[in-house]
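Look at the two complexes coming up: chain A is in both, with chain B in one and chain C in the other.
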Partner chain A sequence: MRVLTFILTAVLLILSVSVPSPGQTASLRMAIGRDEGSLNPYTYQTGYPGWNLMTLIYEPLFTPDADNIPQPWLVRRYSVSPDGRTWTLTLHPNIKWHDGRPLTADDVKFTYEYVRRHAHSRWTSQVRLIDSIETAGATTLTIRLTAQSGGFLMQPLAALPILPRHIWEGVAEPRRFNDSIGSGPYRLAEMRDGQFYRLVANDAYFGGRPKVRELVLPIIRDATVTFTALKAGEIDTTVRALSPELVTEFEKAGGLKVVRGAGYASTILQFNLEHPILKDVKLRQAIANAINTRLMVRLLLLGYGVVGSPGYIHPDSPFYNAAVTFTASKSRAVQILNEAGYVDRDRDGIRDTPDGRPLRFNLLTLAGNPIRVRGADLIRTWLRDIGIDARVVAQEDASIIAQVWPDFDVCKGRNFDMAVFGWSAPVMNRATSLRDLFHSDCRFGTINIGGYKSAEVDRLGNELAAAVAPAKQKQVLFEMQKVIAADVPVHVLFYLDGIYAYRPDKHDAWVYQKGQGIVNKLSFIDPPKR
Partner chain B sequence: MRDSTVWRFLAGRGAQYLLVLALTVALNFVLPRMMPGSPLVFLAGEDVGFLDAEQRAQLYALYGLDQPQWKQFLTYVGNLARGELGYSFQRGRPIAEIIGERLPWTMLLVGLSLVVATLLGTALGAMAAWRRGSALDLGTLGVAMFFESVPSFWLGMIFIAVFAAGLGWLPIFGAVTAGQTFAGWALLVDRARHLVLPLATLTLITTPGTLLITRYSMLSVLGEQYIATARAKGVHEQAVLRRHAMRNAFLPVATVFMLNLGFVASGATVVETVFSYPGVGRLLYEAVLNRDYPVLQGTFLIITVSVIAANIASDLLYPLIDPRVRRR
Partner chain C sequence: MGPAPVPFTPRRHGLGAAGWAGVLLLGVLASAAVLAPLVSPHNPEEIVADPFLTPGRAHLLGTNDIGQDILSELIYGARISLTIGFVAAALAIGIGTTVGIVAGFFGGWAEAVLMRTVDLVLVIPFLPLMILLAAYLGPSYWNIIIVIGVLVWARPARVIRSQVLLVKSLDYVEAARALGGRPVRVMVRHVLPAVLPIALAQFILAASNAILIEASLAFLGLGDPTAKSWGMVLYYAQVRNAFLSGAWVWWVLPPGLLITAATLGFAFTGFALEERLNPRMRGGRGC
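Right, the complex of A and B next:
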């Protein structure tokens, strides 16, 4: 009798567990570092990996490919009018929500109107350009813009995930709404605050079969513990990039594979350009010349990174202007300072301005980030060598933001001297990146945290915003890089490579998205066939 | 006559505790807002820089953050009076629900650790004092000093490296095996296996406190004349230790235990963070990083209430264990 019960139970268990198809990974454990809400478009928390994971459940109309070029996804065909202001989109006919209802053009129209009413930083500004949306039947819609926009395809078309109208209609407080029914290749099967998420492949997905059957995302707060767990085989991979000092160890470890590629996240020395002394371009040029970024890459990143470009853009980006170069030189730094009249007037070892104020600055840096803390310390040493006194102040993120970028609103000004700061990879990816970073009008230069002002950059930035053709965008961006390199509103120190480790016996179909890493949709599902 | 004294005592104490509670409610509101930084990024999403002024205003209004501070305070007190702790900025869920999920884990970890540490500390402390100056005493003292001064973060890491990653005996992180469902016995085993290392870390760190207090208290009791009297009467050594010395030496330990009991609800931030244990301490830490004011307010309130409750309990219990404070 007991044997019979056992066999019955076993059979039931086997039947209840969905069996992965051949070539499909059964279950993958990928550690994340923090909670990501209920993984819907209004509750996910971080740009990375939150957005990437959320878009496995909720899908935008387009999806960036491995080269970050948006490709049709929910959309099967599309066309743009010659003036760039009318987009006609046709959806795949058989897309279903996780609850079985069909996803239609009506849901798309609803979503674009919904995010317009309910502010979300990533989309609301981008959909303001829309003049009207009209649907024709279940799968076709026409979007008209008030002006042509170079960034419209990337944001919002390839960024804003579509919401199911039948669920979100009438939701007044989206950030307190924790529904997770989307249309993506994965559905949220289980979520435990502070512990883990479990995503399961959506069998009814229109675009085919996901590469991994079940995706378990344990939350491990501590980075060291995360990598210990990976090495011990308790997880199969992590969204955390491997820190440079662990690379050799992980490359040698059995059962693990390490991939490396360009990282578009930047580490910069940010100047406050409204500072009474630092507003002098000569002084900034001297500081840039004193900093040996090549040595920084060797010492801090152990070579796993790329020296910062003077025009901000990463050398691997299609928009990089290779003609704009910069080589630091200490003697040149000294020469600039001497010529500009920055000499030590009171013989205290620190140079002074012509009217006698010492070149003494605070240098903010992020306390929890060893690379940035050590970077700030190197800068302090090198500046000391040329007679500039930088005092390193290490603080946690929110405190730094409160000084560098009060209320995340550059219109509110700033209260700092210099900061070792950084921007995430998506900033590099936007076609309008340099306008966002450097336009003097705080409505356009929304991340111009230094308060940089240049009529030339403003003019080029406005041109860039309206440029739709990639060739035109490239030409404008090339010009902008020249101006920025000369003015040094920021000094880009380096870009840390994206380095990721995983267990290839569990899953080996990872796609490295340029500048971004392996945690993206393409690692879990192939693009739908048109 | 006797009853009215008790009631007057309780009423006096009650007023005191109400005052403490009122002050805490006010401080819980003020302190988080005194930290530099803004919760906006958690209200608006990661690309917070791309919000225009109008959208910012909309968000601030939605969460009442556009109101003057005194109005926000009144709203907060009003909600509290109705038993509402509000919603987390970051998690978008009711605070009561979130704390309700975290509290059992913290009770399990910190509560159990408190019990084990108290038992262990008392036993070892008494033994050390009894054998004062012996190798046993000095050895215990040395080990206690070591664990008293070791950072819990470091000890947790060593345990992970040796017992979890190295020997593979125990899991490295979490309170449960992520993504798996267990039932019955297997469930218990899974929870227990995840509990061992954080519990051991926390216990080892906290035992020395009790141990040192017990030892010191025992030493002063052992110097009392009634101990000499008992010995002179020819009372058996074990009986002197148990009945005469330990009973009296136990009083300060009981006080410390009751104090610690109140703080069980605050969790163990560092240990919970190292082991990714889903307790209140980690919740608090994350809420600080994220400027999640409602979560900070709610958590601090729960902690205050439990500290006050523990104090009331100790007020009531103390007369039972110490005849000297009994009232006529």
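Right, the complex of A and C next:
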């Protein structure tokens, strides 16, 4: 009898683990491109998809919704004092870590203090604004800031995943600490270096039942192999975006569905604003006028993209100023050059500055990225047509960074002429995006890689940083887009759409997060009820 | 397959069938390169149609990823691929001949140092070093030539040195030295002409090698992305997913066949020349 009970219990246990509830996908195979460490906040490797996968296991207090607006997640209620400097947060009462211990305000306080001591580029600078954190009971805490900040909700509140205090308390070297116990809808069940990860739904999750029972993430390094596997049905989807040239092919293929939406990652022509010749705004305007971005979208992206906005912000963003427009014209480019005195003085086919220096520049581009290489080559031919000699120099990522953005620190200067460069989608989503991109003080303009300087943009940037109300943020961003469009510190070429292919018979509950794609938390779990 | 210093019996005056086939292949490719502006239907730099067109009357091999005519790219590609082959081979043979003559002529420690260097270059794993060098120097036309040059010179240096050892002991060279001719003068006036035919055969083989290396480097993304060589056409075909979309039939196969043809052409010619110009056969002639 005892044996029978044992067997029965065992069978029930196995059933309860492996059988999905109705409406839940049993198992999903989603290929990723590389190793992502042990998928905790200090060991994940890539901003995409590593970050997205890590936040399935470790959760921040807020989570951006499909429109990238941060929504309360671990937090049930919150309030901000009128001066914007005191945030009071109340957590959901029944959140548990994967090991069964409760997640409390104490863990939150611990995490925000921990990342201050153990630097991580994504959070450490964002928590510096915090003056003090006090907890009241298990679920309530109060955060006081030294100054009000418009970006605080997005970073760090919606970005910093909470760590379990009872596990991380004594950890001195977090980057070597491979624990994966979080509080998220999935727990890491298995991982093999360089082979695969297996995530399993967390049954005790406070926010309800995940949409997929088991998530297998095979690592496939090569893009062609990945898409061949997807076509053959060996995987159900991949985090890789589909290349434009494969869209028709995959749309026709049976059993596959292709979704596409706005992509917030930009491809830009970055000028070195400290270059003795390129610092002239007239020259930059002429260059922008010579570049046919519409044709670029048609040729390079096969139409699966959007022409770059002169003020950097993507047209689908709520902060886009539609009144700021730009239409390139080759004849205007020639006219600007002639009026500014850039004429060919030595009859070598290349225009020269008034004091006789030829308009000859290096154009850096990323060797491994055919779209950027081809883009640079198109720019070269269009500039040649107006008498500017651009030499395409294709290099690897590391050597481009060494010239354009040494040590990822804008304060260390720059050494290039022009570069076909790009920013990932999250840059567009930050409330302080244009300040980060263009503020002349390198402590604020942390990604102002061109060394752009404008008193007007600095003033607006400071206003933006202090603005908490979305309407105010919008108004300041509208102004900034105008100034940037006139000054052309960068020329935005295009934004490639996010295109993803998957097998709908396996899982069809994907949520397209605007500008970012389908690999996000909302595709796997609905927001918790408040 | 260096020229072994053993008696060589079959004595021919022509190049043999394979040799002539090689010359013919090279001739066709070289004339395509020279006459490219006349025979190619479009300017390969120009965007003439929509990207990713399949072959049709207007574009016999379709268009590439930015709407350039692939056939024209291949015809003009002959220029770049053959030029890189020739220049890189010239560089390699230049180094190889100098090293070979100096080592063979002086002997002693100079020979020891130079020939051990040759051994060293010969045993270094070729492919990884080539990739490393190309990645380090960065992708440009000239860097590729330099990479090929510094990797291919060792074998010719060996072959030429062995010929120099033979020539050095010939009476007229000894006489020139005995008369007090300065070493440089003797090397240039007497030794160099005697090894030139061998250098020529080695040159042809090195060129064949160089074209293949250039194509591999370009295919791996280590070439100059703005130079339209055959390898670069292959590179773009691969990175723009020609293998997945079925475009490989007109985008990958033709440049692949052209590279094969050029390599074969050079190899056939080179082997035939090597056979013909074998030192043993030149015994009584020329001096």
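A few remarks follow.
To be clear about the criterion, the second predicted complex is superposed on the first by the 513 of 530 C-alpha atoms of A that agree within 3 Å, B and C clash if a C-alpha of one lies under 4 Å from a C-alpha of the other, contacts with A are read in each partner's own complex, and residues count from 1 in each chain.
By our rule, contacts are C-beta pairs under 8 Å (C-beta built on N, C-alpha and C of every residue); 3 or more make two chains touch, one makes a residue touch a chain.
Predicted, not measured: the structure shown is a model, and the values here were computed from it.
When the two complexes are overlaid on chain A, chain B and chain C sit side by side with no clash.
Once the two complexes are laid over each other on the shared chain, residue contacts for A:Ala367 go to chain C alone; chain B is not touched. By the document's definition of touching, both partners, chain B and chain C, reach A:Ser399. Of the two partner chains, neither chain B nor chain C is touched by A:Ser180.
In the superposition on chain A, contact is made by A:Ile447 with chain B only, not with chain C. When the two complexes are overlaid on their common chain A, residue A:Gln516 makes contact with neither chain B nor chain C.
For chain A, the partner that touches more of its residues is B, with chain B and chain C as the two candidates.
In the superposed model, A:Thr228 makes contact with both chain B and chain C.
In the superposition on chain A, A:Arg380 makes contact with chain C only, not with chain B.
Smallest inter-chain Cα distance, chain B versus chain C, after superposition on the shared chain: 6 Å.
Of the residues of chain A, those at positions 224, 228, 231, 396, 399 touch chain B in one of the two structures and chain C in the other.
In the complex of the two chains, the chain A residues touching chain C come out as 223-224, 227-228, 231, 243, 245-246, 249, 295, 299-300, 302, 365, 367-368, 370, 373-374, 377-378, 380-381, 392-396, 399.
Those residues of chain B whose C-beta lies close enough to touch chain A in the complex are 35-38, 40-53, 55-56, 58-59, 62, 87, 90-93, 98, 101-102, 157, 160-161, 164-165, 168, 171-176, 178-179, 273-276, 278, 282-283, 286, 289, 291. Contact residues of chain C toward chain A in the complex are 45, 47, 51-52, 65-67, 135, 138-140, 221-222, 224-226, 236, 238-241, 243-246. On the side of chain A, the complex with chain B involves touching residues 27, 29, 34-35, 37-38, 42-47, 50-51, 119-122, 124-126, 173, 175-178, 190, 192-196, 198, 214, 216-222, 224-225, 228-229, 231-232, 234, 396-399, 401-403, 405-411, 426, 436, 443, 446-447.
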